[in-house]
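Would you mind keeping the following structure in view while I ask a few things?
As written, the chain order gives the labels A, B, C and D, with residue 1 at the start of each chain.
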């Protein structure tokens, strides 16, 4: 059993802990954070299903005052774990890396860290092999992770030469008060980093894109114009998208009218926190543009990187040597693709 | 075991079914709806934890095409139940009532129906006794239900003579596409119906209020200016609010910055769908205004009426004769007030 | 002097009247509407700069009660005008057409009407010649009008073969209460009608696209992936965009961060109603995608079709025979392109 | 002619300059700012109707590069003016005060500065006399300015003892990208500063209140529960509100459905920038609550403080000694109350 520690118990850290806890070949040692945030208070109110390690000793009195039990220090968590999932704020991971190295432990960083923090920039489906046995991996960001799922899926089936993407980005998560946008669309300088990141993971593809921020909190939507080696039609695209365990093909006519429909559906499914690991892909969005194919996907930003992060544990620890074996195990424990069997 | 059927499996119906399923002295017979909505598709994907009855026979082929098993007709559900919780769209409940009467069954209607559909306009804490043994009860709406919890709480402790409320109303639920408002506040003609409804339930109180719609999807916020018989101070208000199992007193300084913080916290608690039954009440909102007391509450509109609806079953079926005994049973099975013991 | 009547004094009608009033070779006879809307009340408060004709005789008492002077009936307006600009709600224009025909008058319809209402589907820059001397013209919609400006501009310089567009659509105008969307993105079935309309106006171009509604009220943003006959670079695109009197090339680094910056800038310019006729095009959005060029534009939906509608008057009435002569007159009187000279 | 300089050419500064330029007994010397913002670029594009003074010499090359003429330094503006309207960012005014003192010039600060910056905290209608002849005045903030208009109006007619307010605050101005909130309501610790500020200006009134931020950009809405010395009814309230030149009584049934209707109406009126100086007060919001009166007002945050700031010039410079004489002059030149005569 691989022992996993989660460092940072925010939006991503909570979900990583939940995802790891579901893997029957991994053991969640615990989670670490520095202050009694709402997420920590919720952990306490739930009865401490996960052990909590403290990253900032001087804050101990705040936890004691709330009767929140502390299992040890961040250093203890590192010592007791085989591998750390670092989900701290951007920049903190690079500092934590020193600690992980001190104890000879591997680590997986999230998309907010600089690429230089890691040996390899990683995506479970697209470049699993590159991560096998490596010490430090960095995941792609939420948009890039979901985008690559769809592009890699097309690429393996038909060959993709070029993509031009438009990212319609949600600007805050539900509950965020430290950022936001009101009645405005905001455009970033192009090309978007997601297009550039895609090229790092899939260097044989030419990618560019424009990103526009929108004042919503549920999933991002990305439109993709993909140039394939040979022209494909909508049905050919559906044939491969429709079998991918991390892509959920949905229809507007069934009621999936947008990102918020998928958020509600995940809540109605009874998923913890109403989360969704899979990207949505709208059947009625797929159109042919000359020799290109165009489609739109939904990126559930809070949870979409969880499966690929767990894939990264499998790669770094050498649990599986092959891509499909690895993602298959992750999918099995997370219940991904079950809807394909119904 | 009281047998309960839920008619209408939308935002409220789903939560009623979940709430009833938790009551150890009730049995959920099943739920009824008329079309394979996203909520029904989610029920199917979850493996049909509840039996589904069909309210519109002509739509049967749509369900068959999706392999959604049908346990019977709406009429079958009515026949097999002791009491029906009607959570259909406004106006439909009045029609369904004929069916309930035909089979001599009791029913509880939600706030959208006209008062005339019921024998009594009901709130579990405020006028439980009025509902005991009655055939048809109508619940107060989400805002009124939450508002009355707080006013009744003050009233029983200190006596309330008058309230003036400002309702800052969320305009759509997460996932709603059939209604919405964009970058606009909308004001309704005063007085708001919630103030008038409060006076129906608590006729000894003078109430008025203004309602303003805001473009958000999480909980409503209501500010209340309450005139008590004798002047009370903030601590006296906190003394009684802080012990109420359906009121959660929260602090801005702990991170509860607004309605969205409460939504996120409920998700992090692992509540199904991220729901919250209790209203939030901000400690730092309580101020004294001359002889009045003023405070602000959060109304989680999707789930707030569930406890009082279950109270209504207890009243109508005569399961408990007394208010506190009844709400106590409901609270116990829903886990309400557990946080008070921590 | 060509005599022009404006039928329908809503968001578009008001702006058409203002635009026509600025043309020194046209005379605005007046405007017609059916009820004392806020726009009409504002006209009254301003002292009736335009004569008002009444489209619904039975509503006369409402106007009299408010002391709003009525210059005549809709029929009078038609009789006194050479050409009518119909800016009524979708579908009403088709009915009004009978009246225009009865008096042998020409008319221009807005994008909401069906194409069949008109002899030609019109865009001032792209197909001016097709409208010359015609009786009934229909303008392209706001998105299509602005989109075509940019595509036509590229096409005349370099040849465009194909475009794939993503429309990030504002869902309501400032002040709209009859429609809206809250915290949700909504996707339409593809291809979007704007892509199809572009192909009607520019049949030599292959176009497709996806439209996503966003909860904002200022300008739409469209990203365009354009395949040119020969590959062009960013500078070549800027060379032609930067000289177009109805395209305003702006920079993020100057402070034009999104659609709302352009709205504010137009207000600060002192434009009536804070309107902007020109589309914005972000310098830093222009990227090369293989042999394609990609860029983003802003569509100020309330006013963008005004110049092309005035071009349509010139075409229908034969005031100018040639495209550049016609749009040049319109631009001169509207002050379009003045910023190019600074 | 009183010579006035405006320091800071942002949202408020632009409007102050426009307002002063309309006063026939004042002369606008010019405006000062430190960087070529969008507002400055718009001033340039309009042909420099106001002289521009530079507050930061080192930025001169940026202005030269854009061919924006500079009339002098900030110090020059101070020297040439009798009084300065300081509309810089919060905190900068206190620093600028040293410069004003150096040259013996008077100044008016906006609500963002600390009270200690000024000799008197000022409101044109409520405490004009306190400002007469003073050197440094500080205006109330936008919400407080509008709120006091209505409370002072009631107070002078009927006597007000106590108010409890709920402020539903817009969170950003149109075009703001540096702040915002997305799908969330945010509550501040009570009592709101606006209630406390009201008590500073009107010390005989007891005031408290709760403020909730909402994700919109147009006017704030405030509900007021006012306790008058003798009970008044709705008509009595309307009698005085309806005659106030800076209060516009509007009706929902006429189409004034919320803050965005008022914003649109001001645009349709042709007001520069679509601004509105007067607060809106909804006729149908006025309700009696026991002996109290309750009502709702709209605060157009961008322009509402302009009239009272101009009143402050009149007070500081001793142009008028009496309240009604002073506000009457301001109103006349700004066109306030003209609608009352129609």
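In the analysis below, a residue touches a chain if its C-beta (ideal position, glycine included) is under 8 Å from a C-beta of that chain, and two chains touch if they have at least 3 such contacts.
What you see is a predicted model, and the numbers here were worked out from it, not measured in a lab.
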Chain pair with the higher count of C-beta pairs in contact (A-C, A-D): A-C
Reference chain C; chain at largest CA-centroid distance: B
Centre-of-Cα separation between chain B and chain A, whole angstrom: 35
Distance between the centres, which are taken as Cα means, of chain D and chain A, whole angstrom: 47
Inter-centroid spacing, chain C versus chain A (mean Cα positions, whole Å): 42
Residues of chain D touching at least two other chains: 174-177, 182-184, 186, 215-218, 257-258, 260
Touch-based graph of the chains, sorted into line, ring, star, complete or other: complete
Chain A-touching residues of chain C, taken from the complex the two chains share: 161-162, 164, 166, 168, 170, 183-191, 206-210, 212-219, 221, 223, 225, 227, 252, 257-260, 282, 284-290, 292, 294-296
Residues of chain D defined as touching chain A within the complex: 171-172, 174-177, 179-184, 186, 215-217
Chain D-touching residues of chain C, taken from the complex the two chains share: 14, 37-39, 41-46, 67, 173-177, 182-183, 217-218, 254-258, 260-261, 263-265, 267-270, 272-274, 339, 342
